[in-house]
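Below is one structure. I have some questions about it.
A, B, C and D are the chain letters, set down in written order, and residue numbers restart from 1 in every chain.
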Amino acid sequence: MIIVMSHLATEPQVAAVVDKVKEIGLKPEISRGEDRTLVGVIGSNAYAYKEAFSHLGGIKEIVQITKPFKLASREFRPHDTVVDVGGVRVGGEGVVVMAGPCSVEGEEMLLQTARHVAGRGAKLLRGGAFKPRTSPYTFQGLGEAGLKMLAQARSETGLRVVTEVMTPGDVELVARYADMLQVGTRNMQNYSLLQEVGRSGRPVLLKRGMSSTVEEWLLAAEYVLSQGNRGVVLCERGIRTFEPATRFTLDLNAVPLVRELSHLPIVIDPSQATGRWSLVRPMALAAVAAGAHGLLVEVHPNPAEALSDGAQSLDFEGFDRLMADLGRLVDAMSRELV
Amino acid sequence: MIIVMSHLATEPQVAAVVDKVKEIGLKPEISRGEDRTLVGVIGSNAYAYKEAFSHLGGIKEIVQITKPFKLASREFRPHDTVVDVGGVRVGGEGVVVMAGPCSVEGEEMLLQTARHVAGRGAKLLRGGAFKPRTSPYTFQGLGEAGLKMLAQARSETGLRVVTEVMTPGDVELVARYADMLQVGTRNMQNYSLLQEVGRSGRPVLLKRGMSSTVEEWLLAAEYVLSQGNRGVVLCERGIRTFEPATRFTLDLNAVPLVRELSHLPIVIDPSQATGRWSLVRPMALAAVAAGAHGLLVEVHPNPAEALSDGAQSLDFEGFDRLMADLGRLVDAMSRELV
Amino acid sequence: MIIVMSHLATEPQVAAVVDKVKEIGLKPEISRGEDRTLVGVIGSNAYAYKEAFSHLGGIKEIVQITKPFKLASREFRPHDTVVDVGGVRVGGEGVVVMAGPCSVEGEEMLLQTARHVAGRGAKLLRGGAFKPRTSPYTFQGLGEAGLKMLAQARSETGLRVVTEVMTPGDVELVARYADMLQVGTRNMQNYSLLQEVGRSGRPVLLKRGMSSTVEEWLLAAEYVLSQGNRGVVLCERGIRTFEPATRFTLDLNAVPLVRELSHLPIVIDPSQATGRWSLVRPMALAAVAAGAHGLLVEVHPNPAEALSDGAQSLDFEGFDRLMADLGRLVDAMSRELV
Amino acid sequence: MIIVMSHLATEPQVAAVVDKVKEIGLKPEISRGEDRTLVGVIGSNAYAYKEAFSHLGGIKEIVQITKPFKLASREFRPHDTVVDVGGVRVGGEGVVVMAGPCSVEGEEMLLQTARHVAGRGAKLLRGGAFKPRTSPYTFQGLGEAGLKMLAQARSETGLRVVTEVMTPGDVELVARYADMLQVGTRNMQNYSLLQEVGRSGRPVLLKRGMSSTVEEWLLAAEYVLSQGNRGVVLCERGIRTFEPATRFTLDLNAVPLVRELSHLPIVIDPSQATGRWSLVRPMALAAVAAGAHGLLVEVHPNPAEALSDGAQSLDFEGFDRLMADLGRLVDAMSRELV
């Protein structure tokens, strides 16, 4: 942390800042320039004390220099983390496809979808049993009945299951059925939930908050990692911007950026992000071209009948076309489908 | 809901849309213009079926016309709701001040603050016992010990207590000590929590999600109201924008807008929004001038020593100056401090 | 500027950075911490050379510490600037009202509006003769004929005239008729135009770009000031956010913030910002409560017939109500209407 | 346009709306539902009259249904436009690479860069002679001397030249030297400039405003097209969001979206968007995977010495790696480099 003094700061003001640094137990380093004086504050956790200075006089600005995440950072762990999800490896050079309906609506539609996507190369089955819905008057998911259907689809197809958990009290229940626990965008800063999924030991798919910076997202991952759970996969799913033409703005910049800052795998959900099935295939291909470790895609046997988010679901034909294009793309990039 | 057909749509495409509307059990109304055909879909919940049309051909756009909140709407209840918080009336023409430290840090500082703000006209004491923190490595609150201190401050000063609850499992515990339950910005779409505070029967202070539209915020209120709990007070606390100079952008437009759309009271938190104590007083006055029903302000006996958010806390002198200005302002507007 | 080295940086990498600083002619100051090394770079224009370091190894981050505006900064000129607009003083403790139609549509409506607002205490007449319109198919303004009508309204009422200029080639023309030149939000970074209005010597009303940070806005002011023209008045008119319920989000935080960072006056346009006449009065009062030096308000004798932006214009009755409330508010704040 | 009446609207209020529609010369179509009445307003330009209704009673909402751009729309012209830039075809199935330095800094560096990128497959040379700079104190470009260097580089290498024009008065000058005129992000709504480049007859590279919606961008294109100039190429270059880790947020969603809504070609500028050279290659590949018609990339022989934007420029080695990856990618997608 660096404390930038105003060019009008007096000597006693500079001295008061230096004394405060020492009082906290940190080490000050003074640089005097033509214009103004800087006080460097050394210590890896210095920024946490920033507020101790906010009411002192003569300070122009306080600048943070060390990002506050550690376990999630590439500096801490230089090599890519590969997360094992029931034997499926997420991360590294492979590209993994997670597919399935937005919500689990019934046994038949789920099995039909699971068989289809498994046959085309998907390795995980996605599908919501507990659904966070903006309105209290819309379909909220089947709950445990939905979880049982997911588990049954796993037995039949060998697909691993990823599904959302919305509240700490349900973590144990969901973990009984799922291979990977999804934390949704609206819960990315639900810290009680992050700690509970951390303690569960299950791999976690951590969706980015729709208005969270990459730094905040990595700090949310830090909550899970700090419970001793190293199985965190990040999932970009669109951020909120001023553009109304798409449901959210898929931020693919996050792919190469996260790969620079962190060792954790990152996958992309183009369905939630765009809200329009016609954009899903181009954005999915773009995500992999940018370096994503995988995709989370909504597929429904009959999107026009879906109880939630049909507008953004691919039908089977659309999914097949995506997988065909994806196959050629990963070849061209010397990567491969997991 | 109105389905706008492309000007290239064929008659069979229009017919397919009309059939679909009937199949769902809604009523179609066709308007044929020079350019294109519109299909109005009548029924108060029509928009929930929007996705049933997303894969039909010849559709240019589907437009929503009825906002999906009801209990929270001004159309539903034309007169202002006044929420009773342990005898303090929030809403209507009065202006209520809720003040206190960001976090409860200890008995002495809390009592000292409570006595001071009560003496200057505050009616509720705010203070976090459970704190949602972006980093897992910062102070997370005192928990139940903090709640006890808040209850004790109430006995001594008569101030009512508002404090945050972060997870459904803690609602009962927090409700035992608090007069009003706060749902924080990061939990505005934590639907399990919204339902649980709804069922508690306690008044709820519902902070706006930092990237939530006013419509989504009113829908979150609808979750609480739909549990039969009518005591919802909305709190604007800054939204996320591109501007880095303030911590968030306090959206005061929400004040007159919410008052048009809804009958629920709205209060403003200028401390969280701006993150800079020097902006708190001007923005608090602006909020009341715009028509807010109250303020939620951070006050600390010694902000430079605060364990959280000292930079945005007023000291006692700053609070006194705010209250003096506020008194003159409410007089000029023919309103009064509750 | 401070260059933060990675904690993995080698000694030769640190040395390369130090050499580069010297090569540019700046002065390095090295601080070695437990974790990592910092290189302070002293010199008031250091940040302009930031990119010279972007391809060197071992650097974690480069942090800017001195904001790049000077003439506009409060550090440079501690006392409030008061801008003289044809004898009307904008800035300081007074509150000035600028009112009139969105566009000049005809002689009669303009005079009628000018007489009305002058009678209620406005001091400047606003009205567009050149209109920037999002669509090429909507009314674009009357051009010079509109300017003449504005000048005539000035002769009749004594109101000073502020009107927009859109392109450098029109500056001379507009300056012939107007007391103050308005640079619109879409042209805030039209640098050719900023320099030309700077050279004109006329006072300038500089609207904030709808997606410009406060820092960028003050830099745009710097373009005008650096031509020797000190008559810059800033105007906040709403920024672009994710919220669709208002046309833009009026950012009143900018009022106290600009007053801290700069000595220039700041006025508020609640009409353009909200796009809804019913929000104009509350937001106008809020602006003045927050410390604004004035208001820019759209008034139309018959908003339902306006050729542009009628939805956001006050009618005469609405304007009268605003002025009455405003009178009480400025009294309460010990300020006065200019 | 559809006018949605409040469910509390009276019959006389509905009648007043219907009368107003007729008075304007448009055709009303009334639909009466359970809840409320809708008045459809038929006529292709109906929305332009929206404001005529803003002050009538009993209206809940006015909904736009026809997007206001025409010449730019896919409905108007179903087949892809291919723009001829001095013989180079931009649009359709090919992928074109435009490369060069941010600014033209001198003859030697420009020629060296031009030769290099031409040798690797670029077809257009980019480089700024007039530079819009946020601060008045930074390098503003070489002006006409820079244009001459660009023209000379064209003679030597055969590359076509695209360069920015900032003000209507310079259009003729720039058009004398350039094959394609660039309108920068800060000028996307500089309507005087749009009309002037429209009249020039030269192909136009129209950058998206950093806070412009896709609809506004297509309306800006409409300004150029409506002058009879059909040679418009759109360029996405990053939008402003809350994320500070990248300079802007490159919005690749715009690629498939623009291709649905419009027939105009779209290219991507990953350098300006991200501001970090290390993100340029992955985002460039992603853009093409999403369906972009080309790339605009900053390349500099020695980025560390660049006078502007070195941090986002590729060096020759980085450019070569991009072109190699791009070659494999376009093959896999059955497209080809122009």
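The working rule: contacts are C-beta pairs under 8 Å (C-beta built on N, C-alpha and C of every residue); 3 or more make two chains touch, one makes a residue touch a chain.
Values in this document were obtained by computation on a predicted structure and should not be read as measured data.
The greatest centre-to-centre gap from chain C, using C-alpha centroids, is found for A. Chain pairs A-B and B-D differ in how many C-beta pairs they share in contact, with the greater number at A-B.
Remark: chain A and chain B have CA centroids separated by 26 Å (rounded to whole angstrom).
Averaged C-alpha coordinates give centres for chain A and chain D that are 30 Å from one another. Chain centres here are Cα means. That of chain B falls 38 Å from that of chain D.
Along chain A, residues 211, 240-242, 244 each make contact with two or more other chains.
For chain D in complex with chain A, the touching residues are 211, 213-215, 239, 241-246, 249-253, 255-257, 260, 273-274, 278-279, 282-283, 285-291, 325, 328-329, 331-333.
Residue ranges on chain D touching chain C, taken from their complex, read 45, 48, 50-56, 68-69, 132-138, 166-169, 186-187, 189-193, 209-211, 216, 219, 222-223, 226, 240, 277, 303-306, 308-311, 315. Of all residues in chain C, only 2, 4, 6-8, 27, 29, 31, 33-36, 38, 40, 42-44, 60-61, 63, 65-66, 75, 211, 240-242, 244 touch chain A in the complex they form.
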